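Can you keep this structure in mind? I'll have questions shortly.
Chains: A, B, C, D, E and F, in written order; residue numbering restarts at 1 for each.
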Amino acid sequence: MKVTVSRKAHFNAAHRLYRPDWSSEQNDAVFGKCNNPNFHGHNYDLIVSVTGEIDPVTGYVMDVKILKDFIKSEVEDAFDHKNLNLDVPEFKNLNPTAENIVVVIYNKLKAVLDQHLELEVTLYETPRNFVSYDGK
Amino acid sequence: MKVTVSRKAHFNAAHRLYRPDWSSEQNDAVFGKCNNPNFHGHNYDLIVSVTGEIDPVTGYVMDVKILKDFIKSEVEDAFDHKNLNLDVPEFKNLNPTAENIVVVIYNKLKAVLDQHLELEVTLYETPRNFVSYDGK
Amino acid sequence: MKVTVSRKAHFNAAHRLYRPDWSSEQNDAVFGKCNNPNFHGHNYDLIVSVTGEIDPVTGYVMDVKILKDFIKSEVEDAFDHKNLNLDVPEFKNLNPTAENIVVVIYNKLKAVLDQHLELEVTLYETPRNFVSYDGK
Amino acid sequence: MKVTVSRKAHFNAAHRLYRPDWSSEQNDAVFGKCNNPNFHGHNYDLIVSVTGEIDPVTGYVMDVKILKDFIKSEVEDAFDHKNLNLDVPEFKNLNPTAENIVVVIYNKLKAVLDQHLELEVTLYETPRNFVSYDGK
Amino acid sequence: MKVTVSRKAHFNAAHRLYRPDWSSEQNDAVFGKCNNPNFHGHNYDLIVSVTGEIDPVTGYVMDVKILKDFIKSEVEDAFDHKNLNLDVPEFKNLNPTAENIVVVIYNKLKAVLDQHLELEVTLYETPRNFVSYDGK
Amino acid sequence: MKVTVSRKAHFNAAHRLYRPDWSSEQNDAVFGKCNNPNFHGHNYDLIVSVTGEIDPVTGYVMDVKILKDFIKSEVEDAFDHKNLNLDVPEFKNLNPTAENIVVVIYNKLKAVLDQHLELEVTLYETPRNFVSYDGK
């Protein structure tokens, strides 16, 4: 009897999409306005979903307060009100596309969650563009 | 050609999370503010999703009006404006966590739906906390 | 140059609508399902709006962090995960309708905000029913 | 490392649910108010989700701008501000139920997307009724 | 102590914007895609707001169930799943723009509400376009 | 018979809140995380509301397509995917708080709109923090 428990969170950050080994023209051609050298930014919304058996003692798959604390320590404290390219080590050499950000968040949360729990992370870059990753 | 048809619904209810065989301290430690003996409450939002083949005669997997009526008779009439602990028989001896509620709703709807339809139920306890169950 | 600054917040609570000086039949006739003696509950959403001149030094009408802290101390700490009828002194002798709740919240916030700021409070009892009050 | 990239879009259209080979009474019995011979309409919301490997060069599964352009050319230009029954060839002989519309949209997008990408389409007929199809 | 009580509702309808005394070219120039002779449609969302004194006996400005019933009888029964141009008498000779629809709804509701209540109606034609009218 | 017509829009931007004539400590004390020298960012949502008489010929207060074009030329083209501090002349010497941004947007739109129309602008910096300005 596996149930999925989901928690929404959010963080605000600046970023720029580009490859330092490409010319400005090549970056503009592929990344368009997202290649502004002065950065732009987003309110990122996050849905973290963990799947597992219900504990018959508590009725919880996992205490959502603990999940909320993990999201705070692993994601919000690290990314909120930051410049992803300049302030976040994971993106020093990794282009902070939504796809790459969601994989980084998945890996950070996977490392601290109970091993028997399945994990899926959905990241909204804008209300109309979002990505999700479940480790497969 | 299987399509999933989903319908949103909602109900308002009071509840309290606790185990009667635990001390007040133990319940506070595990369930925190949710253990208020005077109860608290939520606007629960519900998404009921049924999956099956499209009927080539009608173009429907299932008439949404019928699904809406099942949700009303099985869920809204039973839970809306109720105290889940005191008024709903299923939670007399079952802690009304979101996980346990979603399984109860799944079982009630599964019993009345056509057997060949797959079912998934998602329950929002708040806009930021939600659970889902598909019988697996 | 007056600008309005708004902050959203939320709390979850149980309540019951009734008059103790009325018969059960009279309460049912007026308050319907909201008169369940075992209570029901809601996720209340709140929008607090303050209007004033922009401070030319900071560019703020009011620091939203301070507004957030006032909402926490005056509203969330007092109402969240509570039974409004039993746990909140303001509703000992006042029927906790949305209208009465929004006036109570307005008065609590008005008392702590800078006198020169105008205040309006909007309270969602459900996503489809809401009330607002600006002290007039 | 497969990631799903989703894009929201929308179109407004009129439609009528009925079978021309049925009597008016039979159509009313099955399709109710949706059988109004003068049509009614909806703001359809659409979520198009493509799943594939992240391109290590760009950090994209697929450039969302290209996905947005495909949705515009295949769906919005064809359906927006149209009468689905009268103006859209695919529904000349196909009842425009949400189920049939989502399959038509899936097939149109599948034909233009890179073959290695998996596709799922979700269509909201109203905020409370929606369908999804992934080609299985 | 005046409080505003608001209720959300919705209806789905088809319509066409045009003037019968204009040429097709003139209608296209002014109304663009909205002049499709085969009609298009929307999920209209409605917010009805009434303002008045709180009744000290009930704690209500107005029972929301009564407001909900007025919206059903005056607006939903008249407009839902209808073609505004062909099925609704008010638009026989009145172009069903959002502006004209909101005034018609205001007038219908004003006629049945208690005279001492102030009324404002907001109508969403799409989630991004909306109009409001308060009788002034 | 004055009706208000509103249009939603959005733009994504980076910004930093600080005063160049203050020390880093003073800026941190007042602007907290918003003073990150590497910038952070937001998805700004915008509601532009114009109020005026309904034109009896068209049934419009103002053609929403024209309002949409003004928002694009005056706001989106100027602010979207930009760094407000570095790329937008209006904020060269003006702290880009939500309050200051909403006044700048109001002034830009007021200059191009028909003089007889009243204007109000609401700006969401996040889904929970927003400001509005109507020129008074």
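Just so it is clear, contacts are C-beta pairs under 8 Å (C-beta built on N, C-alpha and C of every residue); 3 or more make two chains touch, one makes a residue touch a chain.
Model, not experiment: these values are computed from the prediction.
Under the contact definition stated at the top, the chains bordering both chain B and chain E are C, D.
The two sequence copies chain A and chain F touch through a face in which the numbers common to both exceed half of the numbers used overall. Interface equivalence for B-D, evaluated over C-E, A-F or B-C, points to C-E, where over half of the contact pairs coincide by residue number.
As a whole-number value, the distance joining the C-alpha centres of chain E and chain F reads 29 Å. Annotation: 41 Å between the Cα-based centres of chain C and chain D.
Separating the CA-averaged centres of chain A and chain C is a span of 34 Å. With touch defined as above, residues shared between interfaces to two or more other chains in chain B number as follows: 127.
Taken as a graph of touching chains, this assembly has some other topology, since it is neither a line, a ring, a star nor fully connected.
Under the contact rule stated at the top, the pairs of chains that touch are A-B, A-D, A-F, B-C, B-D, C-E, C-F, D-E, E-F. Note for the complex: chain C touches chain B at residues 10, 12-15, 33-34, 36, 38-43, 80-83, 86-87, 126-127. Listing the residues of chain B that touch chain D in their complex gives 1-9, 54, 57-61, 63-65. Across the complex, chain A is touched by residues 17, 19, 30, 32, 94-100, 102-103, 127-133, 136 of chain B.
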